[in-house]
Each structure stands twice: as C-alpha cells, then as structure tokens.
Amino acid sequence: MSIKTEHMVLNMGPQHPSTHGVLRLELELNGELIVNVKPHIGYLHRCFEKHAEAMTYPQIIPYTDRIDYLASISNNFGYAVTVEKLMGIQVPERVEYIRVIFGELQRIASHLVAIGTYGLDIGAFTPFLYCFRDREKILSLFEMTCGARLLYNYIWVGGLSHDIHPEFVRLTREFLNYFRPQVEEVNQLLSYNKIFIERTANIGILPAETAINFGMTGPNLRGSGVKFDLRRNDPYSIYDRFDFDIPVGDGRMGTVGDCWDRYFVRVLEIEQSIRIIEQALDQIPEGDVSSAIPKRIKPPVGSVYGRVENPRGELGYFLISDGGLNPFRLKVRGPSFVSLSVMGELCKGHLIADVIAILGSIDIVLGEVDR
Amino acid sequence: MMSSYFKNTWEGLYTVFVGMKITLKHLFTPSVTIQYPNVKVPLPERVRNRLYVNMDDCIGCDQCARACPVSCIEIETVKSLPTENLGTTSNGKKKALWVTKFDIDIAKCCYCQLCVFPCPTECIYMTDVYEFSEFRRSDLVYKFATLTEAEAEEKKLNFENLQKEKELQKAAQAAAQNNAQQPN
Amino acid sequence: MLELFTELTGNALLGMIINSLIPLVFVIPLALFFVWLERKVSAHMQDRLGPMITGSHGWLQTFADVLKLLQKEDIIPADADRKLFTIAPILVFAGSYAAFAAIPFSSAYIGSEIDMGIFYVVAVSGLVVAGILMAGWSSNNKYSLLGAMRSVAQIISYEIPTVLVILSIVVLAGTLNLLKISEMQTAYFWNWFIFGGPEPGLIKFLLIPFMFAGFLILYISSLAEVNRTPFDIPEAESELVAGYHTEYSGMKFAMFFLSEYANMFVVSAIVSAVFFGGYQSPFGYLGNSLGISWLVPIEQFFWFTAKGIFFVFVQMWLRWTLPRLRVDQLMAVCWKYLIPYSFVNLIIIAFLELYR
Amino acid sequence: MKSSKEIFEILKDEFGDKILELKEDIPVDPYIIVTPDSTEKIARFLHDSSDLQFDSLMVLSGVDDNNPVKTKNEDGTESLSGGTLSVYYHLYSIPLNHKIVIRAVTEKENPMVQSVESVWKTADWHEREAFDMVGIRFENHPDLTRILLPYDWDESSFPLRKDYKNPEFYQGMKIPY
C-alpha cells in the first residue's frame, strides 16, 4: 500500500530575490523535486510594439534602450541596422567601427552582469561586486561619450548621436589592459570553485537539437555546443573584418549544454570581445559620424527582418513600413523571451535550488521578455 | 572510483583556499566606492541630466516638443504685435513669438536628449544637475516661461485684439469693395 | 565564581542569577560587534566601505539597527500558529545562550563546571533545531517550512562528524570537562591539541596531521551547525527568500539574528577550546612573570575572546568567498566525506593513543 | 543556400494550390503567401526536407493588415468590417544558411491558423503572443492563453489590432488615462 501524497505548488515570484525582476514561476513540487514549472510573464509589459506604431523612427530609439536595459547599445544597434537595411543607407566607416566597439563593450558589460548575478544566484556574493566594479568602468566610458550610463540613445539610424570623446581610445585601451587579469580572478574565485562546479555542472542539460528547436540563440545555444554566432554566420555591420573565435560549450566539467557550459561561454566571450575591441581601436578611421543621418526618416513600403547578436542572443526586429513616418508594425524578437520558454523543459526532475541555477544560466532580462 | 573520491576532497579544499586567498587580498585593497553625499564623482562634460531652457534664446518653434518621445514638453506661444520688439537670440535669430507656456514635466522625461538636437538656437540643453527629488509630483513640472500669468493674458488679449482689428479691417475693406462695386 | 557571588550577595539564588547573567553581558555586545564585523569584513572584501556614517567607521550601526528593530511593529501573520510563532525565537536564543554555561571563559569563570561539559554543549545546541522547526512550521509559509526542514536535516546530520572529532580529543584528554581540557593545554602553544597535545614524545608528532584533519572536519561541520555559507541553505536567500525566518520581523527577527551570531561564537569557542587551548595564552602569562595573580584570568579572558573572534572572522571570510551547496550535496558532504574521514581519523588517533 | 525563388518552386511542387504566391517586388525580404489551413504540413516539410532544413524559427509575428472593407450602410454612413490578419514566419536554416519568410493570411472575422508548435517548440510562446496581441487563433495549440496581458483581460480585446480602442474600464475599475 502506498501513502497518498499531494504535490505542493510553490509560487516563486513575482517578488523573489532571484527571479531577476518580476517573473513568476509556478513550481509544482514533490518534496523538493520539481514536477513542473510554468513561467508567468507580463508583469513588466510596457507595450513597446504598440508605442512604436505611434512614434516616428528616431523617437523609437529611446524605447529600444529599455527593451533589454542591460544591453541598450546592442538594442539601438539592431534597430538602426534594421531601418538602414530597409532604407538602403550606407553608413560611414568610422560609424561602423564605433558601433562595433560600443557593441562589444556593451557585451562585456552585459556578460559581467550575467556572470555576477549568476554567482549571486548560486550564493557567492563577492564576484558579483567585482563584476559590477568593472562594469561601472565601462559605463563611465559610455557616459563620457554620450552622457548616459544606462539608457544611451546613442546609435541612430544612419549614424551616432555623438562622436567619441578625444580621450576615448586611450581610456578604452587602458581599461582593457586593466580588465584582462580581472576575468582570471573571477574565474579563480567562482568558475573553477568546486562548489560552484558541483552546483552547475550536469544541471539543466540542453542538447543541441532541443536548443535549436526551442529557438535558443547566443550563449545559450553555443553553450549546447552549436558553433553559431550571427557575427560570423550572418554578418552585419563590419563584423566580417575581425578575427575572433566563437567559444562553445565543451562539457569540460560535466555534460555539453549544462549550466556551467552556458555560464563559461559568457566568460570566454568576454575575452573574444576584448580582442574585437582591440582590433577595432587599431583600425578606426577618421571621419564624420552624422553625415549619413537622414533629415527625415521615411522608409519605403516594405518589410524587413533585421537581426543582430545581442549579448543574450539573436535580437530581431521585424519592421513593416507603409511608407509613413511611423512604422506600421514593429515586432521585437527578444532572445530572453525565447530562452525563457525552455525553462519548463529544463527544470523537470531537478531540485528547487537548481531552478535558480538554471534560470540564472539562461540569463534573461525581464524587460525584454515582457517588452 | 577511489581516486576520484580523494580528488574531489582535495579539489574541494584547494579551490576554497584559492578563493580565500583572493578575498583576503581584496580585504587590504582600497575600496572603489565613495561616501556619496559627501564625496561626488566628477561628471563628464557630455553628461545628460536635468533639462534646462534658456528662455532668452527660445524662439518658441516647438521643435523640441515634437521631437520628445514621451511628450513631456508643453509649449504655448502667442504671436507678437508688429509694434513689439522681442529682441534677438544670442545667435542672431529674431524672436517673433511670446512664449506664454514652456512646461517640462521632468518626471516624465526619459533623458534621451532628442529635444536638444533640433533646437535652432541651442537654448534647451541638459545640465549636470542630478539631485532634484521633490515631495510632490507637481513640483517636478518645471515652468520656464518668463512671462507672468498677467503678462501672458495681456499678450493673448493683445493678439486677439489684433486679430479682431484685422478682421474688422478686412470686413471693412470687403465692405468698401462691395460698396465700390455696387454702383457698377 | 558562584561561591564568590553567593558570598557577596549572601543569597544562593541571587548569586546564581548573577552568575548566569554574566555571559549575557558578554554575549549581546559581542553579537552586535559580530554583526558590525560581518558588514565591514564583507564590505572590504568586496572593495566597498560598508557602514561609515554612524560612529567612526560605523561602529554604532548595529546599535542603531537594534533600536530600529525594537521599535518595529511586531507582526504575526494571520494564519500563523501564534503560540509557536512567539516561542520559537525565544527557544532559539535560549538554546544558543544555554551553550555558554559550559564554556570556560577563563580559569576563573565558567558558568557551570560540569564533567559532561562538551557533551552538554553539543546536546543543548540541539535545542536550536527545535526552535527553527517551530518557526518554520508555525509561520505557515512554504518557504519557511522548506527552510526549517532543510535546517533540521542539516544540523542533525552534521552533529555526527562534530561528535566524532570531539571524541578523538576526548580519547587524548581522557575527560569531557571543557575546563580540564583547556587546562591541559597550558603553557606554550605547542601544548595545544592541534599540535598533538601536551604529552611530549614521538606520538605527539605523529598526531599532528590527524589533528589538523580533525580540526578541518570540526570546523566545516560547525559551519553547517550554525547555518553559515557554504552550508546556509536553510536561509538561502536566492532560493528560499529568508528560509525559516521569512515571516519574522521586529524584535523576534532580531532574536534570531543575535542568536545566530551568538551561536557562531559558541562553535568558535568549542573549536578553540578543544584544539587551540581554549583560554590559554600561546606563550605564558604576563601576570605570572610579573607576579600579579589577578592579571592571569583577565589575560586568559582576552585570549579566549581573541581566539573566538578569529574563528568567527574565518567564518565570515568563508561566507564572502564561497557559493552555496545544494541540499542533497550538503548531505553528501556530510555522509560521504566528513563522517568516513572523521571515523578513520578517530580510529587512527585512538590507536596512536593506545601505543603511546 | 537556396534563394526564395527556388524555395517557392519546391513548395509549389509539393503543395500546389496551398502556396499562393511569392511576393518579391517590395523591399527588402521577399515572402511566400500560403493558406492558413495547411501551415503545419508546410512547416513540417520545410523543417524535415533535406534540401531545406529550416531547423530554426527566428520569429513568428501576428500582424493586423489594416485593410478593412468599406461598406455603405442604408442610412448613408460608412462602416468598416472584415479585413485580414497575417502571421509571418521567419525561418532560418543553420546548416544551409538560408532564410525564407512565410506569410499566412487569415480572415479577421474568424482568424484561424494551424499551429506550428509541434514542429518548432519555440512557436509555442510566439503563437500565444500573437493570440494575445492580435487575436489570431492557432489550431492544435496545446495551451492558447494570454501570455503578456493579464489572464482576466477582456476576451475580445486585442491591443495590437489597428481598430483597438483604449478601454475606459478594466475589471470595473475606471482607468484615469
């Protein structure tokens, strides 16, 4: 005879220390074992797509900042690339280089948050503050250039809002020299820590096939061992000119596609971003940054899907224009939105503590999930 | 099997000591944070904080309000009388409008700087002031218009009178024309 | 000490009360100091400054916090079991306070010199478990319940390696009396049990590595007993919000908080008493060389506190370095690693003692 | 690597009249219009066919085409009704590195498109979003509920439709904006 037991339903969030914002996870538990996970989203829905239909094209850029507020420059970048593709604008060389430098700096900043908060989820508080310390230095570089620390409105359709500061190149080099050893320190403190490895290796394994089927992109897909990076496979801007590697998860500590792989791909990507920035700083030409900005942005009738490699994966803008001053429809494909949908699949059979580890490893930003 | 058991134990202890070495090193490195209200970070020159409007230069063209993505700027203008001289802006543009209302709801402002670029006289710009919290939300609506309410009323009235006069003149002209045409 | 107080007041009961209040005078300021220390240590390890405004380097910050907590509304959730909810923090504090009774602060003061001293301390710490379980159950909150369940499983499991290591010391010392164990390790630091104990000879040197292993095991399991990182899963804030004290606020919360820090000192005191000579100075006493006999207990008290604070500092150091284990891994560390190691350790030490 | 023209030919051969036309004349991305009642089969073919191997659905978006038909009422006033909703599928093949856009057009009155959730799991949430925002119903979808809007949102109100009016009340509460 067996004892009849009931599953316990535990609401994790919307107010919970490690749901990375206002996400609600409905956990069905058998003891501490997860039977089912159902994410409930929409708490941060800000009607971006509806807003966009009432805004002119330049006015949308501040709104794109707020989609994924940890990677604003990348969002600006994606939007600018999309509209330029529809209008057929060729932007000056200098603009392209600055965009790439900023995009990669933003990637480092965003990955630092991802790494730091992941440590925080696992219970290590200190690496989080080391990461934020270095991120602040990047934000200062941004602030020096465009005056804002978080929401930049920097990359415009056809150009940039400001040229870089005369000191920018020197200070960026200085920062990169300072920053390189810091990554190693975080590795020593967190990545190679036995407890951290125990917590993350062999947890939340996402096989490559499932990852592609679920539309995972960016570090989450590469963590599963798929060598796919939009900067290399579908190059936009001038990424085809740089020499960099695409790190993929190799199951060094456990199985390919586990949380540790997803986490460590981000650490390795920081190194590659540094390489790209250094090359770009060497090659950056002189020139004007605002010469290609159209006076009136009025794209022709048509539709375009533009996508860029955001720190979290493929950020896509599906833009339909009816030839007016406002977009007819602007749909955003946020990488976090797609990544979060795999939660239910990943968590089954794990413990509560693993839900946190898995959620942290797919690195979502709720601003982008809900838009 | 047995060796991996001891390897685990060793790794567990060793990586802990490696981590402890790092944190101990940081215990004696100087801190990077500052005591905020007493010490402040110097701000770069391009910093984007509170909006300010230099009304001496404003010509009331409404371009900033149209550029704003969150509609936080409200401008109302009244045409000046031909007899009035409003002066010129610092870059030599002649002013032709009385700005009776120039409100910025700084609580709505998203600090995107889109209003700054189209301004023909560079009179709206972002300053480096970032501490301006208020107890009432209504205090965050900044009124930049220099005219007092009475003055604004007067200008409006002036303009309306001018309009009426013009209409009367027109009517009179039309009537005169009619009169002139009628005999024929 | 008890006789002294009885003589002074002329009343046995009053003497007893004074005798038992002395640790309280010591514990509460110490716990407040530890809270402050924790914040400063964490801040400086993270390149921050920590509290700086209230007093020089913020030393008054915890006093201010306690005053704030005292003034706060005492909230009891509507569906909570009111009686248990109120008793729980008291029981937890009582558990950690009772442990101080058998800890020798110096050769002159020990709350109650019982021959089962160390056994008593381990046993009475078990009272904390009951308090935590009460708190978790009565809160009527799923997070609290999960935290309490984890805590109970954890503390009970980790008592086994603790006791096994203590047993190996008992084998060497031949007594359970903490005062006697401390007295044995007198004179210089090489008489401490971590360096093989007071008896000289070859065996003493052979014992040293096993003593170090024993110390590590005891220290690790004591971390688990007081719910410190990497074993802080009962209150793992990233999973269970705040674990068993999620629903507590105001002074009830403060009692959990203070007893946690008091407990940290208790386990540190035990570690120092069994391995590091307890209140003994590492190199003789100033009072002895100067011939001032009353200076000796004060020096002893200083060394006792210093050692305790050092081990608490190491606990904080670990907390701000390490991530947290998962609940099943925590059990694995205990049952698969610590218990076998401590068993082997005990047997080897017992053999060495046998062939001394 | 196949152009959209080639993909169109392959699909036309396979599905015949289910594939309506290839739109290439407007910038930038050409798309293939298909009928909404067979998207699942087409998707399955696109995913499985060794020539195409569209293993990744980049985005699925619901769009209100804003093309209502004007009808004159008896009393002389004009009223708008009908029109179409579309679902755009942006597909990409990682091994073959080619893209295609598929568009399924459905009636606004009773919008019904076959779900492709069984082919690409990522379509699950995208379809829920399209249902949530534009009101397209997906046949055979396992859990077609609101996703971004609250679960108690008005059942017939879809914010991204062009004829959407801001509601005055939400659950009986006046909305002061």
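Order as written gives the chain letters A, B, C and D; numbering starts at 1 within each chain.
The rule we apply is simple: a residue touches a chain if its C-beta (ideal position, glycine included) is under 8 Å from a C-beta of that chain, and two chains touch if they have at least 3 such contacts.
Predicted model, so just to flag it, every value in this text is computed and none were measured.
S.K.: Quick one: point me to the chain whose Cα centre is farthest from that of subunit A.
M.R.: If we average the C-alpha coordinates per chain, C ends up farthest from subunit A.
S.K.: Which chain's mean C-alpha position is nearest the mean C-alpha position of the whole protein set?
M.R.: A
S.K.: Could you put a whole-Å number on the gap between the CA centroids of subunit B and subunit D?
M.R.: Here the centre of subunit D sits 41 Å away from the centre of subunit B.
S.K.: If you average the Cα atoms of subunit A and of subunit B to get two centres, how far apart are those centres in Å?
M.R.: 31
S.K.: Using the average of all C-alpha atoms in each chain as its centre, how far is it in Å between subunit A and subunit D?
M.R.: The computed centroid separation for subunit A versus subunit D comes out at 27 Å.
S.K.: Quick one: subunit B and subunit C, Cα centre-to-centre, how many Å?
M.R.: Chain centres of subunit B and subunit C, defined by C-alpha means, are spaced 59 Å apart.
S.K.: Residue numbers in subunit D touching 2 or more other chains?
M.R.: If we look for residues of subunit D contacting two or more partner chains, we find none.
S.K.: Give me the residue numbers in subunit A that touch at least two other chains, ranges are fine.
M.R.: As it turns out, subunit A has residues touching two or more other chains at 126, 130, 133, 189-190, 193, 195.
S.K.: Subunit B: which residues touch two or more other chains?
M.R.: Where subunit B meets two or more other chains at a single residue, that happens at 8, 12, 16, 19, 22-23, 26, 32.
S.K.: Which category does the touching pattern between chains fall into here: line, ring, star, complete, or other?
M.R.: If you draw each chain as a dot and join those that touch, the picture is no line, ring, star or complete graph.
S.K.: Which two-chain combinations qualify as touching?
M.R.: A-B, A-C, A-D, B-C
S.K.: What does subunit D use to touch subunit A in their complex?
M.R.: Touch list, subunit D to subunit A: 26-29, 31, 55-59, 61, 63-64, 66, 88, 90, 94, 97, 101, 120-122, 124-126, 133, 146-150, 159-160.
S.K.: Residues of subunit A touching subunit C in their complex?
M.R.: 8, 10, 16-18, 32, 119-126, 129-130, 133, 189-190, 193, 195-196, 198-199, 351-354, 356
S.K.: Within their complex, state which residues of subunit A touch subunit D.
M.R.: Subunit A reaches subunit D through residues 41-42, 45, 47, 49-50, 85-86, 88, 210, 212-215, 226, 228, 233-234, 300-305, 307, 314, 316, 318, 320, 328-329, 331, 333, 337-338, 340-342, 345, 370-371.
S.K.: Contact residues on subunit B for subunit C in the complex?
M.R.: Where subunit B meets subunit C, its residues are 8-9, 12-13, 16, 19-20, 22-24, 26-33, 35.
S.K.: Contact residues on subunit C for subunit A in the complex?
M.R.: Of all residues in subunit C, those touching subunit A are 42, 45-48, 142-143, 146, 229-230, 232-233, 236-241, 320-329.
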